[in-house]
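Below you'll find a set of structures to go through.
Common to both upcoming complexes is subunit A, partnered first by subunit B, then by subunit C.
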Partner chain A sequence: MTLVLEAAVLGVLTGGVYALMASGLTLIFGVMRIINVGHGALVVLGAYLSFAASRSLGLDPFATLVITMPVMFLLGVLLQTVFIRPLKTDREALSVLVTYAIALGIEGLLGYFFTANYRQLHAWYDTASFPVGDFRVTYVYLFGFVLCLAILGAMFLFLYRTTFGASIRATMLNRTAAQLIGIDVDRVAAVAFGIGMATAAAGGVVFGITNAFNPGSHYDLISRLLTIIVLGGLGSLRGAVIAALIMLVSEDITSVVISPVWASFTFFVILIAVLIVRPQGLYGVRVRERL
Partner chain B sequence: MSALLRQSRVLKLGGIIAVFAVALALPAISPDPATTNIAVFTMMYVGLATAWNIMGGYTGYISLGHAGFFGFGSYTLGLLLAHLGVAAGYTPFLLVPVAGLGTAVLAVAIGWFALRTRAATFVIVTIAFMFMLQLLAENLVGLTGGGGGLSFPVPPWGGDYFNTPYYYAMLALATLALAVSWRIRRSKFGLGLLAIRDDEDKALAVGVPTRAFKLTAFVVSAALVGMIGAVYGYYVTYIYPQFVIDPLIGISMVLMVFLGGLGTLSGPVLGALILEPTQLWLAYNFGATRLYLVLYAGVFLGVILLLPRGIVPSVMELIERRRARAGPSASTPAKVAAR
Partner chain C sequence: MRRRLISASVAALGLTLAACGGSTTPTAPAAPITIGVSISQSGDFSGDGAALKQGYDLWADDINAKGGLQGHKVTMKYVDDASSTQQVVTNYQNLITVDKVALVFGPFSSLLTIPASTVVDRYGYAFPEPAGGGPQVFNRGLKSIFFVQPAAVEDNLVSYTKWLLSLPSGQKPASVAYATQDDPFTQPQVDKAKSLLEAAGVKTAYYHVYPAETTDFTPIALQVANSKADAVILGTQLPDAVAFAKTFIQQHFNPKTIIETTGPDQGSQFSDKLGANTEGIMVPAGWTPAATAYGNNKFVSEFIAKYGGKAADISADAAEAYSVGQVVDQAAAKAGSIDNAKLIATLHTGTYNTVQGPMSFDATGKPQGGVGVYIEQWQGGNAIFVYPSTVASAQPEYPKKSWQ
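Here is the complex of A and B:
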């Protein structure tokens, strides 16, 4: 029982991290109607940037976010402008290929500069733990959770309390209508992609401390993140957060009850259940148009 | 029937026969293993891209998970050979259709779930199913050998001849895929698929059984890919989950179709003939470093940003515009012949 409880707590804590990463992904989808298959690679890139920054500048991994988040934001704006914006026809399909190419490019560059060896970010809190009832929780999970919650909160405040946030939400609701009332949707899309990448940077740090990673790690990540946003409903931020928590808690519980090798399988079981019961996801809307 | 149309038909048929004759004679023309090895892989991708196009091109449902079917076909043949105790030789080739059948059954199950969704969600679901198959191949150690992989019997032939049987097997499957794709394209079923691509709800409204059509296209496409995967497994003689259920194989066939022209018959062939040798060349020259992936990504981005509609449609449009300028009477038969 304690084991299950421990797994549930751990699931909630890591679920917060996935909630942040998935929010970025679903935000990008919501604004641009594109699936960013490169999101996993961007998280891994974030982890490597933090790795390089913490090593060369001797910074604490979390502190490197001050550098990596703005860098990744700008990179996101650049990538969106150069590679996504030029797509005029058949955007939906072509953008999948473009973002896939971005993922391959990042994987290749990381492999070139950092080799395929596994790396991990280190700090005092990656092994130190504190007691919770009958078990102990490593500090990094708590810190990661708090950090991601804070960033997620900031993102929601930005989206719901600022004028620019309102134009992002307007674009998510109806791109054409947003354009008609004078919103610069291209700028909104670039900023949204930037925000998505900044969240990937933050997620990358926590991912990099809690997991050993190499340039190929993005495949595993992206299949999880994509499953999460399908469960939540594509383009729904609330859905992404809740789905991330559901997925990670079920995964961690499966890991202790059945076996760790079957943990990832929970994702697929839940996905199939979603497809049967509610193909549009928790907070998705069934649309008549081809979404 | 105008003379011009008849002439263009004869030219087209002649062209197809000539290309096919070259493909048949290739191992005799250039028997050295380095060339035939490239030929095996190129022919493999001709088949894969053509098969993928039956679903992705005709119905517009982009599957990024076809590598799952590729690997499943591969594993099916490998396990069949191991459990039936089939000796190496030509017999394994005869069992390739069984692998195709197995993959078809799997595709019915996956398609049944996946086709409850459309467009973006469908793309994601196919990716997820691919990784699910990869995980299953890894975890069902008793069946698949898990991460330790699965060995195929090593064929008794060797030397310059080693690649030849595989080449002809790949050629046969590519031809089969093309024949199926051509047949579908000219059938009422194919028309229904194109209607789904253009507007699924309207297609349903006018009486196209969209669900059955989509599932059929998906299963046909997957079964062909599974058979090709089976031959591939026998060719490389050793497979493991990440190697044979490789997302890169899945995305490569998609890219080839987009390069050649989505939904066209010759586009996937052209795309494969251009991209696979390029990919192999990059892998050969830069494979030691990960720079290979960066270059491939560059090719990738170049193709999509410069030729978003693919070679065949772009060229067709160019020809049509020329003809239209030359005289309105000539443009009509050209349009018919273009299809």
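Here is the complex of A and C:
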């Protein structure tokens, strides 16, 4: 029983990290209606930037976010302006190709500069833990979870308490209508892509402390992030958070109760069951197609 | 017409005499050749792929410095397989049919070697390979594959089980926890160790197989820790080898002995993630920088000169790749040719010296000779042989010290 409880706690804590990574992906989809299959590569890029900053400046991995999040935000604005904005027709399909190309480009550059060797971020808390009842909670997962709460909280405040946030939400609801009422949707899209990349940097630092990573680590990540936002409902931040928690808690409990072999399968059973009942995902909006 | 015939005959005679002229007559150098390899430069095996490339490149430098492979200057051609079982097949197909390379060497892992060896065999090429030793490599009736390591993979943990069972009864572990990837390299050796230990009466406290694509190892590591086993045997690659150790440290779980199938043999790639906590962790290994095997001193010094670092940083993968070149060099010298059919026939006979020790191959390409795989343990920041005593440079540290 203790083990199940421990797995559930671990699932919640790591689920928070996945929620942070997936929030950027679902925000980008919500605003631009593009599927950013390069998002996993952006998380890995964030991990490498923190690794480089940590090594060269001697900073704590979390402290490197002061540098990496603004850098990734600006890079996101640049990538959106150069590669995504020119897509005027068939945006959803073409965006998959363009963002996949971006992912391969990032992977190649990281391989060139950092080699294919596995790296990992270090801090005093990556192996430290404290007792809670009969089990131990690791500081790094707790810190990562607190970071996720802080960033997701800030993102919700930005979206729901600022005028620009309202512009983003309006664009997510109806891009054409937002344009008609005078919102500069291109600017909104560039900022949203930048925010998505900044959250990827934040997710990347926790990913980089808890996992050995190399330039190819993004393939496993993106498949998990995409399934999270499909379960949560494409474009829904709240959905991404809930789905990430469901994924990690169900997988971790299945892993300890039944077998690691069935962990992913269990999540997909939940995913399919939800999609049968709610094809738009947990918090997705049903879109009426044109006849 | 007759004059032309006479001239041609004289010229032909001259050429023949020149060819038979022995050492006093200069001979034309043999044509340069290309050796093709599919290397994992991205994906799960990219770290191992990079080390393999280092070993192959170093051997190519050495063979060219001494005049080439049977006089043929060697150029290595690498193509990235992204750790994909589909891409590795395409790569060898292209290397043989499009690039028309003279020889091919193997990729990393049994997972990639198995599909690659089928296509290589189809074209009649010899396939000496450094890292594909799972049972399925040898049970498909192929005659062209040669696994250049001291023992077949399933026997990798036999030395370790012998050592465990040789411990005095008061110290022998009462229970063992096993966890392994469902990989053709890792699982067979863990399963064999389990069957040997169970047969000797050692209780299994936990056994689980997890998918190779698993990214979050913590729940599995928690279960291993929860089993409170005296000994832990893990079928890992580098990322999970590190992840398991870190979770054990977090959970304050310190078994008497831990062995991991891969990871601790990766030199600095392993130690720079665990620091002083590498102490006491074991790995089955056929090679260490300190081994006195054929050409090993030269290999280690040349490796450091070419790539920098120190001896402890060298990955066993690089030594295994270098050994492939050594075996092919000796086989080509014995056959007097680099023809693939002759190499295949030659490699099935005789013994070949490598930096991992001497080895020979049976009809299926499985290494023979009973050299076996030794136990390496991290002690004081270096991975050293600790068992058997014939090769050990220190006593095994048992029980392992506490985490730091």
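We take it that the second predicted complex is superposed on the first by the 283 of 291 C-alpha atoms of A that agree within 3 Å, B and C clash if a C-alpha of one lies under 4 Å from a C-alpha of the other, contacts with A are read in each partner's own complex, and residues count from 1 in each chain.
The rule is simple: a contact is a pair of C-beta atoms (placed from the backbone, for glycine too) under 8 Å apart; a residue touches a chain by one contact, two chains touch by 3 or more.
The structure presented is a predicted model; accordingly, all values stated were derived computationally and were not measured.
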Quick one: subunit B and subunit C on subunit A, clash or fit? clash
Of the two partners subunit B and subunit C, indicate the one touching more residues belonging to subunit A. B
Examine A:Pro70 and indicate which partner it touches, taking first as subunit B and second as subunit C; both and neither are also allowed. neither
With both complexes overlaid on chain A, does A:Pro215 touch subunit B (first), subunit C (second), both or neither? both
Quick check for you: in the superposed arrangement, does A:Val96 touch first (subunit B), second (subunit C), both or neither? first
Using the superposition on chain A described above, determine whether A:Gly153 touches subunit B (first), subunit C (second), both, or neither. neither
Have a look at where A:Glu107 lands relative to subunit B and subunit C in the superposition and call it first, second, both or neither. both
Thinking of the overlay built on chain A, is A:Ala128 touched by subunit B (first), by subunit C (second), by both, or by neither? second
In the overlay, answer first, second, both or neither for which of subunit B and subunit C A:Ser264 touches. both
Subunit C clash site on subunit B (candidates 166-174, 238-246, 256-264 or 274-282): 238-246
Which subunit A residues come up in both lists, the one for subunit B and the one for subunit C? 107, 111, 116, 215, 219-220, 261, 264
Touch list for subunit B against partner subunit A, complex: 60, 62, 64, 113-114, 116-121, 123-125, 127-129, 131-132, 135, 138-139, 200-201, 247-248, 251, 254-255, 258, 262, 289-298, 300-301, 304-305, 308-309
Per the touch rule, the subunit C residues reaching subunit A in their complex are 40-44, 46-47, 49-50, 82-83, 182, 208-211, 213-216, 218-220, 222-223, 226, 238-239, 242-243, 246, 249-252, 269, 273, 275, 277, 403
Contacts from subunit A onto subunit C in the complex sit at residues 2-3, 6-7, 10, 14, 107, 111, 115-118, 120, 122, 126-129, 135-136, 138, 211-212, 214-216, 219-221, 224, 248, 251-252, 255-256, 259-261, 263-264
If we count contacts the way the header does, which residues on subunit A are in touch with subunit B in the complex? 29, 33, 35, 37, 83, 86-90, 92-94, 96-98, 100-102, 104-105, 107-112, 116, 215, 219-220, 222-223, 226-227, 229-230, 234, 261-262, 264-265, 267-268, 271-272, 275-276, 279-281, 288, 290-291
